[in-house]
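Multiple structures follow.
Presented sequentially are two complexes of subunit A, the first with subunit B as partner and the second with subunit C.
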Partner chain A sequence: MEQILLLAGLRSAVYALLALGFTLLFGVAGVLNLAHGALLMISAYVAFTAFTILGLPLVLAVILGVLATSLVAAGLYRSVICRVQHSSILTLVVTLAIALVLQEVVAMAFGLGAKSLPPPLGGVSTVAVVRVENVQILAFVVSWLALGGCWLFMERTRSGKAIRAMAMSGKGAALVGIDIERTYTATWALSGALAGLAGIFFSYPGGIDPRMWMDPLIISFAIVILGGLGSLPGSLLAAHLVGFAETFTYYAPQVHIPLGAPWVGVPSLLLTVLILLLRPQGLLGRSAP
Partner chain B sequence: MQAKDSEGGISRRAFLKTVSATLGTLALAPHFAAAQSSALPIKIGLLLPLVFNLPLGVSAQRGAQIAEQEINESGGILGRQIQLIIRDDQLDPRIASQRFEELATTQQCIIIVGGFLDETVIPLVNNMLPRLKTPFLNTGTSTPETTDKVIEDYNNFKYYFRLMIDSDLLTQDTVRAAKGLLVDELKLKRVSLVIEDDLFGRDYQGFLQEQLPGAGLSIVSAFRFPGERNFDFSAGLSQASQSGSEAFIVSFIRDNGFGFVRQWYNLGPRLPVLGINVSGQAFEYWANTEGRVISHVYADAATGATAITDRTLPFFQKYVEEFKTAPAQPLYMAYTTYDALFVFQQAVERIGEPPPDPTNASAYSNYREELITALEETDLVGTVGRIRFQGKDDPRPHDPFTRDPASGEVLVVPKWVQWQKDAAGRPDRRVVWPPEFKNSSFLLPPAA
Partner chain C sequence: MNRRRQSRASYLVFASVVGTLALLPAFNLVPKEWYAPLIFANFFAIFAMSWDLLAGYAGQMNLGHALFIGVAAYTSGLAGTHLEWPPWVTIPLGMGTSVIVGALIGIPAIRLRGPYLALVTLLALIAVYKLVLIYSDVTEGISGMSFTPKNFFPPLGYDVPLERVKLVTYYYSLGLMALIGAGLLVIAHSRWGAIFRAIRDNEAAVEASGLSPAKFKVVAFMVSASAAGLAGAAYVHLPVLAALQPAGLDGVLSLDLSLSIIVASVAGGLGTIIGPLIGAYITKLGQQYLSALPSQVEALHILEGQGWISLLFWILLVLLVLFARKGLLPLLMGDLLCRPVEEIQIHTGRSQQ
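Showing the complex of A and B:
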């Protein structure tokens, strides 16, 4: 049981990090960014290039990956999304198209074969009699630091307050002199950086390949629907629900429950369907007036 | 004075000269055509997954190019050069069938070599072969379904040959290798399965559950996981540890296996690993897993460290000297595709004359039929073993014999290759099973 609880906690923190950028964009700009998973991929490939091809130190490669993803996200907003975000359907279609284009670009540049990025931290530790890879502990710590940092940024900084104001009312924010375009760009950059960070941890242990974006996108989508579109606390709660549900599913055969790894994606999707039926606004989302 | 008999103003002599020249030309035309035909290269279609430089497809193409170069440098086939016409199947069933048809008809290739994914090859065999009646030497697919078609309807599907071992045989050989290595050599009794949840994986697991107890191994845990997902194997590893497992038998077909290999090494238990890992055959796998694949044993067609036949190492050397980019060492399809071209060469030499001019449709089609008979008589020492196709009345027609039915001599069998380090600490791949090709004993995983 210790193992299940510990691994579920570790997994959930990364899922929260993954979903945060996704829900932030919806909360502020009303954009369901289907290219979110592809941003994770960009980060992983930039870090891979910097480390394996350019020979930079791994930490620097990881930082470059995160920065590059933030820049790509902001660039996407300024070049494409700002022109289509007035239509939610168009935005969905365009962001999906962007994801597919990015996949093809990466496939052309690196091929379809999987590559690997070494974990930012090697070794194994024993936590409460459970052997855990240090990279998982690092992912947990970094995720919570990023979540905390993000909260501080939103609460304590002018830019963060501007983002929150935009989330409440775009028109109101404009009336009090907030630069809307700048705030949107900053939100995309922040969302990209969070996705980039998640991308580094998602590339371990299974490596990176041009199709790696789909799975994180599905997980993010399930989390934000479950938590309530645009609700940051809701996403945090839902990330833990999904993380724990997945981990219990993995370990179910050990307590003689006929589930197991092949069923791992099912609980989160079931929860999503249930929440859509019973509480469409999500666990902590606000219902439409 | 010139006689002018015709009204058109041409003299009779000039007229006769013109007629003679025309008739002469017409009479000689077939010979000119034949001369021209003998100067033309024999076209061989190559249908491979090359989309986004898929390593397996790239490796197979390189294998074919080496064979083309060797055949042409030694004077061609019965004096005719060969020419590869290469097409990418893009891993798409529809495109694979279209490209096959184009190679067989528009490009008039006498034979087509290649085919990788079951999902592309099965519809191609079902829909194209009965209509196009073009010999197809499959060098990359292991589904038994295609050979089943040859059994069911020989006349329509006799055009299908395979240089690979099918998945049924591969599964049976896993049990043999597990008995030889895990039971007889290491004296182990309990294994855990780690199986990717796909069609092959399910069949594989079913067969292992049925056969391993008879070989002296009990399955104490089975961990099936969905492929194509960045997967955490810690649950499967702890399950194996808690159930007292002594070894792993694995299957990774689409999944790259990185996750299992890294977590097996980092978290343990570091038990011996044996099984199927398609990505794990590539030389780059060592770097991709930071060397954590050490001691894993995976089935393969051949390896550069082992002279399966006299042709294995020269081919391997040529490949690594000529191609410096990934895949830097030949993958299984490079060996089988290289061999396929020599199988074709032998068949043409057995017929005794090269393919006719493709514009003579009936002669060309008759020649393709003759090729089938000649291919059925194949007896070629290739890089992966001695290749002899099973006949119409054998259990798996047009698949290679694994052993000679009369003498029991090993012909084409999977080789179980272990990731090791050489004396200089560089990655090395050595055959540890079967005994006929073994060049190293099984090395235990490094202690945690």
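Showing the complex of A and C:
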């Protein structure tokens, strides 16, 4: 039980990272990006290719994966999404189609079978009385560093301020001379980079396959809808709630509860639907959708 | 005036599509290997038309239409294999379950709008898909359920000589398509259809005229689910079906099916019933034609498998949304089938009777 609690705390950081990119896009551009899970997949597969096939060092492979995801996200925005983002329904249809396009491309290139990316840090260490894999600790540290870096970026830099201004009022931002298109592209690139980083750590435990995008997508939905769409503190809280529910589901067989890996995503689905029905503004959200 | 002409035009187009399909085997125009794809296309046409009534007419974007199909198919299939109930019990059972699911999805639609409703439909589909995989000891999971001849619908499985099974199944599926399609057309051109369109275009106006949009949204979901469910349940009891799969382009509970219904309907033109019908035949037969290509053409051998066809579909969908949102068919056929928004009138109960 202690182990599940600790793992949940570690994993929730990755979930927060995952949801941050998703909620950022919704807050700034009003876009629900159904291809968010597929972006995770891109980074995992790029890192896999760079490391296993090209034989690059793992750190470089991870950086390549994150960069590639960021580029793909920005490219998607410039080529497709910018033309449809005025309609939320068309955006949903198009981003879902893009997720499936990416799934088929990956399946054609790598096959449907699962691949595994070796963990950047091997071994097991003991925290308090619980043994956890080092990669989970690394994921926790890197995720919080990225979350902090993201916060600094939003608070201190010009581009970050532009993004926050766009989230408050698109028209107001345009009036004070912020380049809307550039800021949207930057937001997509940032969201892609966050998804890319989450994608590296999301694949432990488990491995990567062309259908892996669905669970992260469901989980980001749950977090973002639970926390209130576009609310960053809400997302952070919700990430930990969802993180615990999902981690408990995954490790439940250890305490003799018949759940386990196939059930991952089900708690998130239930939470999302319940919240949408009972409290559509989320836990800390301000206005109803 | 114009309204009546368009309504008559769509009945005429529908009758000629059904007539053409009915005459194909009589003139020996169908090669043997094309019977199965045509049968599947008949079902796919029902799926697309029922989706169009909900999304095209009532404006309730349903990203998980496969849920209605899959729930009916699995209910009917499970009752057939595990309880050994005969098809004439399991088909209505499957359809009934689908209508209930339709109502359950429709009730959130009263409160949720636009993208949030679309999300609920999508998540509900994913949830049921996960359940099928989790309980794979009963549902046989991703590999799909297989059936024995006693599960087939009686006129198709028991007494029919083997070489005639395909022909009989073809006419059975075409008859089902004609029946459900005609029903959906009648509903679309009835008072209900007018209210559905009015909800799509201006919900406040519907409410102002004394009608309950909430009630009619649930009705739209239930009508759509009943048509899709009847087809989904009947689909299970076909002798040409190798296995009932949950995933993939031919699966009944997949995102792929949901999205390919949207591809067919958007290509054919939303909100016309006829458009999605024709779109469904073109995409389904196109899929069959393309999947046969790699084995015939030397240069295309690398494209074995179904993946690249799905890929083409999804790219087509993105292109359609970007460049031809009104659909390819309305582009070609002009305004005959596509009704301009200004003409919609709301008929209240009294004025029609």
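The criterion applied here is as follows: the second predicted complex is superposed on the first by the 255 of 289 C-alpha atoms of A that agree within 3 Å, B and C clash if a C-alpha of one lies under 4 Å from a C-alpha of the other, contacts with A are read in each partner's own complex, and residues count from 1 in each chain.
Just so it is clear, a contact is a pair of C-beta atoms (placed from the backbone, for glycine too) under 8 Å apart; a residue touches a chain by one contact, two chains touch by 3 or more.
Everything numeric in this text was worked out from a predicted model, so none of it was measured.
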Just subunit B (first), just subunit C (second), both, or neither: which does A:G206 touch?
-> first
Examine A:L100 and indicate which partner it touches, taking first as subunit B and second as subunit C; both and neither are also allowed.
-> second
Using the touch definition from the top, say if A:L277 reaches subunit B (first), subunit C (second), both or neither.
-> second
Should A:L145 be classified as contacting the first partner (subunit B), the second (subunit C), both, or neither?
-> neither
Between subunit B (first) and subunit C (second), which does A:F221 come into contact with in this model arrangement: first, second, both, or neither?
-> second
Can A:V80 be said to touch subunit B (first), subunit C (second), both, or neither?
-> second
Where does A:L92 make contact in the superposed view: on subunit B (first), on subunit C (second), on both, or on neither?
-> second
May I ask you to decide whether A:P118 touches subunit B, subunit C, both, or neither, giving the answer as first, second, both or neither?
-> first
Is A:V266 touching the first partner subunit B, the second partner subunit C, both, or neither of them?
-> second
Share the list of subunit A residues that count as touching for subunit B in one structure and for subunit C in the other.
-> 107-108, 262, 265
Write out the stretch or stretches of subunit A touching subunit B in their complex.
-> 3, 7, 11, 107-108, 111-116, 118-119, 122-124, 131, 133, 202-207, 209-212, 215, 247, 250-251, 253-254, 260-262, 264-265
Residue ranges of subunit C in contact with subunit A within the complex = 61, 63, 108, 111-116, 118-120, 122-124, 126-127, 130, 133-134, 255-256, 259, 262, 307-308, 310-311, 314-315, 317-318, 321-322, 325
Report the residues of subunit A in contact with subunit C in the complex, numbered from low to high.
-> 32, 34, 80, 83-84, 88-94, 96-98, 100-101, 104-105, 107-108, 214, 218, 221, 262-263, 265-266, 269-270, 272-273, 276-277, 280, 289
Contact set on subunit B toward subunit A in their complex | 51-55, 197, 223-226, 228-236, 238-239, 242, 255-256, 258-259, 262-263, 266-268, 279, 282, 287-290, 326
